[in-house]
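Same chain, two partners: chain A is paired with chain B first, then with chain C.
And then the complex of A and B:
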């Protein structure tokens, strides 16, 4: 598994990267849903919560990934992309979560595609965020920007919805219905950010309540999910 | 200290913008800092007039006093502040601002701040109330010189008591003078988005302190504290009423 570009269909690459069975500790994440439910959100609020994330924090993450992909594909330094993401992510808990997920992901990518320039370039950084780490894999495997943005959006929806299933008494088919219901929003998000190339173009949509919940959760000892 | 309050040239009156300019600069000869305060622009637009309260060798204290009813549809206020190297500016406001029902139109409130090497700005903003039907585009852009210090308090209130929220699109962009971003945030709050972005709250109270890490007080309001990636701290509280949401202890510690 050294030549990453050798005849792997992009659909298969996307399935692989979106698969919850990937050993990157995705099961430890609730997309901040756990503190949101603790703060009083109910089952009926989950689809709205997912949409709010797609319009705010996940939009920032998807756009960061797309811009990082452009930089890596062009051989440019991703430092300014990381800095743009960090300035748009005021919550230290959310930055720490993203960077620890990136660490796990890069460990895996380093094993699977060790010789590719983007993975090497991003692994050389002190603590890249998850969007930049995903972009390294995408650049190594020739994924399109829109596909990468869809991956980030889809993963966030699935993370929140599958966490809901563990935190609330729900019918799994209903929850899958929420995921399906969010897909047009994911697709729209991807269409809106896929063309971005410059760090300063990354949207900066804040979500003060989600950011506050993320901080509260990071400081509690009573939790099922790490974030 | 030299103080001038001239009206800007009439040419500016045509673009419908009310301008407020504040410049503080140290005296190259080593005397008192020089301050220039100016207002000008559209006669239809209300004015935020900077009134000098106090001065000393390297610092000035100013009150931003509104003249005329504000904030109404079509108002466009542009506040441009430059604090020169080694000088210190403090801004206070005599009262909060209410943005009224704009019936489909909007108002604009732009603030630009440049802080020179070792300069500081402390701005105790009073509550900004977006009444039902208001639509305000607020932007704050800051460029920080080396060792500059900014302490900025802002309180956004969505709707008067018992009222629907107005619409506020707030953009905050802080960079250092090399162009590295420190804090970039856009909040688009309206009756539909606000419940999702703010939970069941209607007041967003923030205190931003960009300063040397040693100057950021350690134990103050840890529950609402967001340490930024490049240094500096944002404290943000969400609440249902202004008095309970304002963090007076935090502001006293950072101002």
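And then the complex of A and C:
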């Protein structure tokens, strides 16, 4: 565990990071699906909701992760990447959620890969976002940009879909079908952002309605999910 | 981004503070409706004048328990934090304790300034779950499992990790026993038998002597924590209990 690069197949690294059993408080997240359902979306809307996220907020996150990975691998300061992400994430609630998830992730990464330069570099920031935290692990474990982007997209799809199972009366096999149905979009997203290296190239494609739901949720008293 | 350039120690250790320097973390778990929130409110009422307290609640519908405690007026609302578990109360105290650890650390950090006394005791209330739910020893230093007489006299006899091996088993609401046809004394005796000598406390708010026994137990755990003698013990899930130690 001291040498993060010690001949671990990248497939295994990706499986580890994508596994919901990773103790990073993933079970507290709904990808803003909980307030979306409360606002009137129904079960039939979930696949569309997931796709919308992949085209907007999750695209921002995936691109941020890829650019951060490039910076960390090149030994560059990730500050500008973080700033670019924050500028493209206008919802304070979504920024707070991302930073909280980053903290959860970094406390694990700090235990597993404590001596790697990217984890040390990102941990030195007071409140990095989740995309940058994931990039730190990816940089430490030699994960490629496209793989990191696929991880961000896949995790977002699974987060929303698994939350749907808690919130709606659904057949888990149907929901897994939604995940499978979203995979080509995840793959396309990864292909489109994997080559990015500069903060200004991170797309500014927010989703005002999702952001508004995230804000509402942050002030709700009865909720199953943190965000 | 000037607000992101401060450096701080990276999060390599399992807690912001370790050892007796930080607050004692006391877990309270047990099935729904057995009186976990009431027990915590009771401890706040009894101990708030002598100890600096904090509470982290895990509720199914988040802040019900936190609101109960805030409404009880036994503790400054700022000292009560609610953690959402995504309908996974068992996960949040056992297989992925991250959200609870972060909440406990934030609470402790908020009261660790030079101008405020640090917390002595942080109580973490699990979302009411089933008989198999127990806290990870990485989250709490010591844990109480709460049953109540209204749940039936046979529950303690049935056993389970919390009943058999939590640091303290509370049989709550003993004043209700006569109304639900349960022999509270027998229930406590059977629980003691299932626990191989670990402590069992029959508790009712209406009998101060039982309340005093509870607070004495908590004070004793805090004393052990401060001297470094408290080593978290894992009650569950079903592992044979073979470690060699004496309980207070």
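Throughout what follows, the second predicted complex is superposed on the first by the 227 of 227 C-alpha atoms of A that agree within 3 Å, B and C clash if a C-alpha of one lies under 4 Å from a C-alpha of the other, contacts with A are read in each partner's own complex, and residues count from 1 in each chain.
Methods note: contacts are C-beta pairs under 8 Å (C-beta built on N, C-alpha and C of every residue); 3 or more make two chains touch, one makes a residue touch a chain.
A quick note: this is a predicted structure, and the numbers were derived from the prediction, not measured.
Once both complexes are superposed via chain A, do chain B and chain C end up clashing or fitting?
The answer is fit.
Looking at the overlay, what does A:83 touch: chain B (first), chain C (second), both, or neither?
The answer is both, since A:83 touches chain B and chain C.
Does the superposition put A:26 against chain B (first), chain C (second), both, or neither?
The answer is second: A:26 touches chain C but not chain B.
Looking at the overlay, what does A:114 touch: chain B (first), chain C (second), both, or neither?
Only chain C; A:114 stays clear of chain B.
Report, please, how wide the angle is at the C-alpha centre of chain A between chain B and chain C, in steps of 10 degrees.
After fitting both complexes on chain A, the angle is 120 degrees.
Taking the superposition on A as described, I'd like to know which of chain B and chain C A:92 touches: first, second, both or neither.
A:92 contacts chain B only, not chain C.
For A:224 in the superposed arrangement: first (chain B), second (chain C), both or neither?
In the superposition, A:224 contacts chain C only.
Where does A:207 make contact in the superposed view: on chain B (first), on chain C (second), on both, or on neither?
The answer is first: A:207 touches chain B but not chain C.
Is A:48 touching anything from chain B or chain C once the two structures are fitted on A? First, second, both or neither.
First partner only.
Once the two complexes are aligned on chain A, which partner has more residues of chain A within touching range, chain B or chain C?
C
Please state the minimum Cα-Cα separation between chain B and chain C in the superposed model, rounded to the nearest whole Å.
Comparing every C-alpha of chain B with every C-alpha of chain C, the smallest gap is 7 Å.
Hey, what residues of chain A end up touching chain B and chain C alike?
The answer is residues 83, 86 of chain A.
In their complex, what parts of chain B are in touch with chain A?
171, 174, 180-188, 193, 196-199, 201, 204, 223-230, 234, 236, 238
Which chain A residues qualify as touching chain C in the complex?
21-30, 79, 82-83, 86, 100, 103-104, 106-108, 110-111, 114, 119-120, 123-128, 163, 166, 221-226
Which residues, counting only chain C, touch chain A once they are in their complex?
1, 3-8, 10-12, 14, 60-64, 67, 83-88, 91-92, 95-99, 101-102
Over in the complex, which chain A residues touch chain B? Could you list them?
39, 48-49, 51-52, 55-56, 83-84, 86-92, 95, 199-200, 203-212, 215-216
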